[in-house]
Amino acid sequence: MAGMELLSDQGFRTDGRKPNELRRIRFKKGVFKQADGSAYLEQGNTKVLAAVYGPHEIRGSKGKALHDKLLINCQYSMATFSTQDRKRRPRGDRKSQEMTMHLKQTFNAVVLTELFPKVQLDIYVEVLQSDGGNYCASVNAATLALIDAGIPMKDYVIACSGSFVKDTPIVDINHLEESTAGAEIIVAVLPRFDQIVFIEMNSRLHEDHLSRVMDQVMNGCKDIFNILNQQVKDELCKKAAIDKLVDAG
Amino acid sequence: MADVDLSEPEKVYILHSVQENLREDGRGCEDFRHMEVETGLISNTNGSARVRLASTDVLVGIKVQLTPVDPKKPNVGRIEFFLDCSANATPAFEGRGGEGLASEITAMLTRSYSCFSAIDYTSLCLLPGQQCWLLYIDILLLECGGNLFDAVSIAVKAALFNLRIPNVTMTKDEGGIELDVSDDPFDFKRLDVSGAPVIVTVNKIGHQHVVDASEKEEACSLAKVMLGITEKGTVTAMKKEGSGSLDSESISEMIESAKNVGIELNKCLLNILKEEEAKIEEPVGFLR
Amino acid sequence: MPLFKTFKITQPKEYYEKFLEKDVRPDNRELGEFRPTVLNIGCVTTAEGSSLVKLGNTSVICGIKAEVAEPASDGKKGYLVPNVELPPLCSTNFKPGPPSELAQVLSQNMVDFLTDSKCVRLEDLCIVPGKLVWSLYIDLVCLDFDGNVMDACTLALMAALRNTLLPVVTVDEDSGEITTDVSIHQKLSISKCPVSTSFIIFDKKILLVDPTSEEEDLATGALTIITEGDNLCSIYKPGGTPLTDTQMKTCIDRAFLRGREAERLIEELIDK
Amino acid sequence: MQAGTSSGFAFCLFSATFLFLLSISTYSLDLNKFINMSVDIRLAKSRVVGLDVYHGDDPGNIVTPGDIITADTGFMRGHGTYMSEDCLHSSVAGMVERVNKLVSVRPLKTRYNGEIGDVVIGRIIEVSQKKWRVETHSRMDSILMLSSVNLPGGELRRRSEEDEKMMRNYLKEGDLISAEVQNVMSDGCLSLHTRSLKYGKLGQGTLVKVSPSLVLRRKTHFHNLPVGASIILGNNGYIWICPTEHVEAGETGGYETNLQPVSRSEREAIARLRNCVLALADQNVLLFDTSILYTFEASQKYAVKDILKPEVILEVVDLVQQRLELEGS
Amino acid sequence: MPTDTRRITGPETSRSPYDYCQIEISKEENQNELIKSDKKRKDGRLAAQLRPIFLKANVISQARGSSYIEMGQTKVICAVYGPREVMRREDFSLKGQLTCDFKFTTFSCRQRRQHQQDNQEKDLSVQMLEALEPAVCLHKYPKSQINIYATVLQNDGSALSAAIMCASVALATAGIEMYDLVLASSLGVLNTVLLVDPTLQEEENIANETGKSPQNAGTMTLAFLPSLNQVSAMTSDGQFLFDMINKSMQQCIENCQKLYPVLQQCLVEDVKEKANLTHA
C-alpha cells in the first residue's frame, strides 16, 4: 500500500470514521413528478437517483410478459461525470450490465411479483456521483423509490459493504478503501427477516475473518434500515396528520 | 415523454387560450415558468449546475482535461457536449432510446457555442500549437416537462459560470515544456460567461406564439424557431424546427420575442448566480 | 400495362429466353456487345484525381484523396486504399449503414486488381524513405446500380489514377519539418493499363458480356477477366455454372478486344 | 371599486368575501398588461419548504413494508398486506385501515386500483375490434366495450356491424372520456361503461394528473363549482376541469364536441382551479370539492400564474389547512 | 475511431498535405477581404449575384425520382425511393414518413471525410428533412415511407441549399404529391456585407471572423415554398446582430424567388422528355 494508511493507529479511517461507522446518509423520496416513484439518496459522497415506473403494460413485444408474475426490468446507468476520470458512456459496458442484472435479481427476491401477472415494472438507477458502494446506494435508493411508488414488497432491501483492514473489519467502504483494501464484501438483506438476498465477495479473505466482517456488515445494514425507516415513518405521520384534518372537516 | 397525445377539443382549448394570451396555467404568451438553479452540487466535477424548470430537470457536469490542440486551430481550447437522456425521465429513453433527442440538443448547443465570442476560447489554450483544455460538458436529462432546449442551455451556462479550471504552471525542460496542473482546490481560474448564449425556443400555436411551452403546448405546435441569444441580444445560432412552415412576418415576430426573453433570461441568470456565489451554504441538491 | 411488360415481370426468364433465341438482348444489344461507355475525368476538383464512368445506366464516380503518412516497417512503400461504396442512393438493394457484402467483395476485388496488375508501384509513392510516403485513398461511389459495377469501377479507377496530380512535398533533413508546395504538381507514374471485362452465364449456356442489373439477377454464373495490353492478368470466376474450354477462349478473346478499346478511350481523354 | 365589471355574473350569487377577492384579481390582471413578459429564476437554496420533519405524535397506524400488523388470525387480508409465518405483514408504507374484518394498508401513492362503481377519466389509446383500450393509470389498459357505450339514437338501439366500422367516429385515439368502472377482471384489468348521460366523451378543458390516493372517495365526483367551471374528480387521479355546459348532450349522444372559444372568465376560472388542484397535490392534501373551493378562495389575492410558485403554494395551502382544521374542531 | 473491419483501411494515421502549406502573410490579409476594390468577389460575382445553376432531373435509373444540381463547383446528386411500406409495426402511422440522408463523399472537400456519417452530416440530414417535410402531402401516404438520399460530390459552399433544391426536384419527378416546390438559398454575412450563395472559401473566411468583433459574421440558409409564400426552414450559424437576421431573411427569400423559374423549367423539360418516351 503506497504510503496510505487506511486505518490510523488511533483507529480512524481516512475520512475520519470509526471502523464500524457509516457515512452520512441523506435521502428524499418523490423527487420526480412523472415517475410512479422516485428517490434520491446520498451515502457520503456517493449520490444516486432511482425512479420506478409501473406496474404497467409490457412495453415492446408482448412476448416478454410472464403469465404468472410481474416482469421486473432494470437499468443501471452512471452519469459520464460521476467518476473521477470521465466515463465515455453512461451504460452498455460490461460492468453496468452486470450491475443491472444484480439489481434485477435483488428486487425479484423482495417485490411481491405474483400479485401482478402479465405486467411490467421498471426500476432505473442513475449514479450521479460515485465514491464507492455504488451497488449499495443503488439498492437502498431503489428500495425507497419502490416504497414511494407503493409497490408491495416483503420487506425493505438494504445493502451494505465491508472490508478488512489491519485485522479490523470496516463497513460502508468508500472508493479509496474499495480500490486499496484487500477484500470487499457486499451484502443485501431483508432486515426484518434477517435474510440475505445478495452477497458478493471479491478478492481473498481468510475464513476466520469472514464472519467478523459479515457481522459488522449485517450491523451496518440494520443501522441503514433504521435510518431509512425512521424518516419514511415520519413522513407518513405528517401526511396522516394532514388527512385527519380533512376527515374531520 | 409523458402523455402528449391530445384530443381534438383539448388542442382547440389550448389554441384559443394562446390566442387569448391566457394559457392553460394562467401564464401570458411571453412568460416563463419559474425556475430553480443551483451550481456546484457535484463535487467530482470542475463545474456543475442543476436547473429545474417546472418539471423539466437538467443536471450538467463539466470536467476539464489537457489535450493537444487541433492543428487547424492552434490558439484555442475546445468544448465537447454530451447529453444523456436518463431513463429516469421516461422509460422510452431506456437503452439507446434517447439518442435521437440527445443528438438534436447537442447539435443546437454546439452551433450556439461555435461562435468565438460565446466563451473565451483562447484563454483555454495553454501552449499555443501544443496543449489546451478540453471541456467535457456532460448533460443529464432527468425529467421532461417541456422546453428542454432552453432548460439545457441555461444549465450549461450556469455550469460554465461555476467552472473552476485548475491553474497550470509551466516549467521549461530540456525535452520541452512541462505542464503541472495544480491540485489545490483553491488555485483555479474562472471563465468569463458574459458572451455565452442561452437558447430560446418560440413555438407557433395557431396564429400566436409562446415561449417556454409546456409538453401539451408543444404537442399543439407545428413549427418552432430556436435561437441562441446572448445578453446583448446577438444571435449565435438559429434554427426552425417542426413539420409546419411559417411566413416571414411571423418569423420576424417570433425572433423579436425570442430576443427580448433571451436578454432577460441571461440577465436574470447572471444576477442569481452572482447572488448564489455570495452565499456560503452547503448545496441542497435533490434533498429539498 | 402493356402485355410485354407483364410478361417481363411475371416470367423474366422466359422473357429473356424469347429474345436470346434470336441472339439479341431486350435492350437491342448483341450478346457480346458492351453498352455505350462514357468516360469523364477531372470532374471533382477537390480530389487529387477523379473520374466518372457510365456504362449504359450504371454510373460510378471515383475520387482520389492523397494524404501523407509514415510508412510501414519496410520504409519505402506507400499505401493504396481503394473502397467501393454502394450507397442506398444507387439502388433499392442497399440500406443505409455499414457496407453491404457486395460492396465489401468489390472493395477486395479492387485491391486484387491493383496488386495483380502492378499498375502502380508502391515504391513510387515514397516521399522520403522511412519517413514519409503517400497514402492514396481511392473511393469509388456507385451512383446508379444497373449491373456490371465491377467493370465500371476498374475503368473509373484507372482513369482517376491517370488523372491524379500530387502537390510537391518535401521534408527538411535537419528539422524534419514537412513543407508542401501547391504551385507545382506531379503526375503518378503509371506504366500499365489493366482492364476488366465481365460476363454472365445465362441459363447455363449463353454468355452475355456487360450484364445489366436484370441480367445479373437471372445469371447462373459470372466471370471476370482482367487483361493488360497483350497479357492476361487474372481470371475470376466465383463458382456458378462451369464453362467449357471453347467458351472460356471466346471470353478471353472478347476481353482482349475490350481491353484495347478501353485503353484507347483513356489515352484519348488524357491526351486532351 | 370597479369590481366585477369585466367578469362573471356567476359570482353574484356569492358571498361578500368573494366579491372583494375578485376585485384583487382584476387588479392584478391590469398589471399584466404592463409587464408582458416575466422570467423568474431563483436559487434552489433559497426555496422555502414546509416543516421538514414531523414532530407530532405517531398516530399508531403507520406501517412500512415488512411490519407485522397483527398476529391475530381472525382478520382478512386486503390490499397492501401479506401473510408470512402466521402473521399479517404490511407490504407497503402507509396507513392501516380496518373495515370490519378486512385489513388493508393504503400507501401514499400508487397506480390506480380500480373498484366497481368508481368514476374514472381515461384516454383512448387504441381502437380495436368491438372495444376501445383506455389509459386510466391502472397497471393494465382498461377496456371499453362497444356494447358498454350509449350510441346516438338512444339506449335501446341494436348494435350493428355498421357501428363497428364507425367506432373511430365516436371515439378515436387521444380522446378523453369519463366513465364508470363496470367490472374488475381477475388479472386487474378494468372494464368501463359510459351508459349514463353524465359519462362520455369530454370536450374542451384541461386534464390534471395527481396520485389516485389523493382523491377522496365521495358520493359524487362531478361538481359544477360556483366559480364558473366544472370539475370531475376521477378516482384514478385524473381530474378534468372544464367550462360548465349549459346544454345537455342531445341526440348526438355526446360525440359531437363544441369547439367554440371558451369565454375569458371561464378560462381564468379553469386555469385557477388547475393551479389550485396542483398546489393541493403538491402538499399532499386530499382533493374534494370543499378543499378545492377553499383553495380557490384563498388564492384570490394572487394572479393565476403566481399560484405556480412554491412560496405561494405553501401559503395558500396552509390557509386552507387552517380553515379545514377550524371547521373540523 | 473504431476500426472498420468492413472496409479497406490504410495507415493508422495520415494527414492532408495541405496542412503543411506555407501561408504567405501578405496573402492571408487579402484572403479575408471578401469583396475586392472593384466591388467584385474572388470569383468575379457581385455581392448579390447567384452562381450559374445546372439542374437535371432523372439521372438515376434505379430511383423513383432523382436529380443532379451544380451551383458553381458545388455538385449534389439526389435520389428518392418510395413510397414503400413500413416494415416494423411500431413505426406505423396514418401519416407517411419522410427520411433524409445527407452525405458528403470522402473526396468532396479539401480535407478527406470519413465514410461513416458524422455529426455534421446528421445535423444537415435533419435540416434537409425540416425544409422538405412541410411541402410533402404526407397524409396521402399512410403507413409508408419515402426516403431521400442526397450525396454531395463536391462541396464549394451552400451545399445544404443545393441539396434541398435537388431533393425537391427529385421528389417532384418521383411523382410524390407536394403542396409546393421547395427552394433554398444561402447567405454569408460579414459586418454589413451580404454575400449571396457563398462559396466554400467565403464560408470559411466568415467562420474565421465570427466573434472576433461584435459585428455580424455568419451564414444563413433558408428554404422557401414560393407559391405558398412560406418559410419551411431557416438556420443560421455564427454571429448575427439582431437586425441583420430580418434583413438576411428577406434577402434569402428574394433569392429563392429568383430560382423558382429554374426549377420549373427543369421539371417542364423532364415532363416533355417523359412524354416523348411514351410516344416513341
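A, B, C, D and E are the chain letters, set down in written order, and residue numbers restart from 1 in every chain.
By definition in this document, contacts are C-beta pairs under 8 Å (C-beta built on N, C-alpha and C of every residue); 3 or more make two chains touch, one makes a residue touch a chain.
Which protein is which chain? UniProt says A = Putative exosome complex component RRP41; B = Ribosomal RNA-processing protein 42; C = Ribosomal RNA-processing protein 43; D = Exosome complex component RRP4; E = Exosome complex component MTR3.
Quick caveat, the model's predicted, so the values are computed rather than measured.
**Q** In the chain contact graph, what is the shortest path length, in steps, from chain A to chain B?
**A** 1
**Q** According to the touch definition, list the chains common to the neighbour sets of chain D and chain E.
**A** B
**Q** When the mean CA coordinate of each chain is compared with the mean CA coordinate of the whole protein, which chain is closest?
**A** B
**Q** Return the distance between the CA-based centres of chain C and chain D, expressed in whole Å.
**A** 71
**Q** Using the average of all C-alpha atoms in each chain as its centre, how far is it in Å between chain A and chain D?
**A** Chain centres of chain A and chain D, defined by C-alpha means, are spaced 34 Å apart.
**Q** Mind checking the centre-to-centre distance between chain C and chain E? Centres are C-alpha means, answer in whole Å.
**A** Going by mean C-alpha positions, chain C sits 29 Å from chain E.
**Q** Between chain A and chain C, what distance separates the C-alpha centroids? Give it in angstrom.
**A** Measuring from centre to centre gives 61 Å for this pair.
**Q** Please list all residues of chain B that touch 2 or more other chains.
**A** Those would be 288.
**Q** Using the touch rule from the top of the page, what residues of chain E touch 2 or more other chains?
**A** Residues 19 of chain E touch two or more partner chains.
**Q** According to the definition already given, which pairs of chains are in contact?
**A** Every pair of chains in contact is listed here: A-B, A-D, B-D, B-E, C-E.
**Q** Considering the complex alone, what residue numbers of chain B touch chain E?
**A** 71-72, 103-104, 107, 110-111, 114-118, 195, 223, 225, 232-248, 251-252, 255, 259
**Q** Per the contact definition, I'd like the list of chain A residues that touch chain D in the complex.
**A** So the residues of chain A touching chain D come out as 30, 36-37, 54-57, 112, 116-119, 147-156, 190-193, 229, 231-249.
**Q** Which bits of chain B are touching chain A when the two form their complex?
**A** That would be residues 2, 42-45, 48, 55, 57, 59, 61-63, 65, 82, 84, 86-91, 94-95, 136, 138, 140, 142-145, 285-288 of chain B.
**Q** Over in the complex, which chain D residues touch chain A? Could you list them?
**A** For this pair, the touching residues of chain D are 51, 53-54, 56-59, 61-62, 64-67, 80, 82, 84, 89, 91-95, 107-111, 139-141, 187-188, 213, 216, 283-286, 288, 290-291, 321, 324-325, 327-329.
**Q** Considering only the defined contacts, which chain A positions touch chain B in the complex?
**A** For chain A paired with chain B, touching residues are 26-28, 31-35, 38, 40, 42, 45, 47, 49-51, 53, 59, 73, 75, 77, 79-84, 86, 90-91, 122, 124, 126, 128-131.
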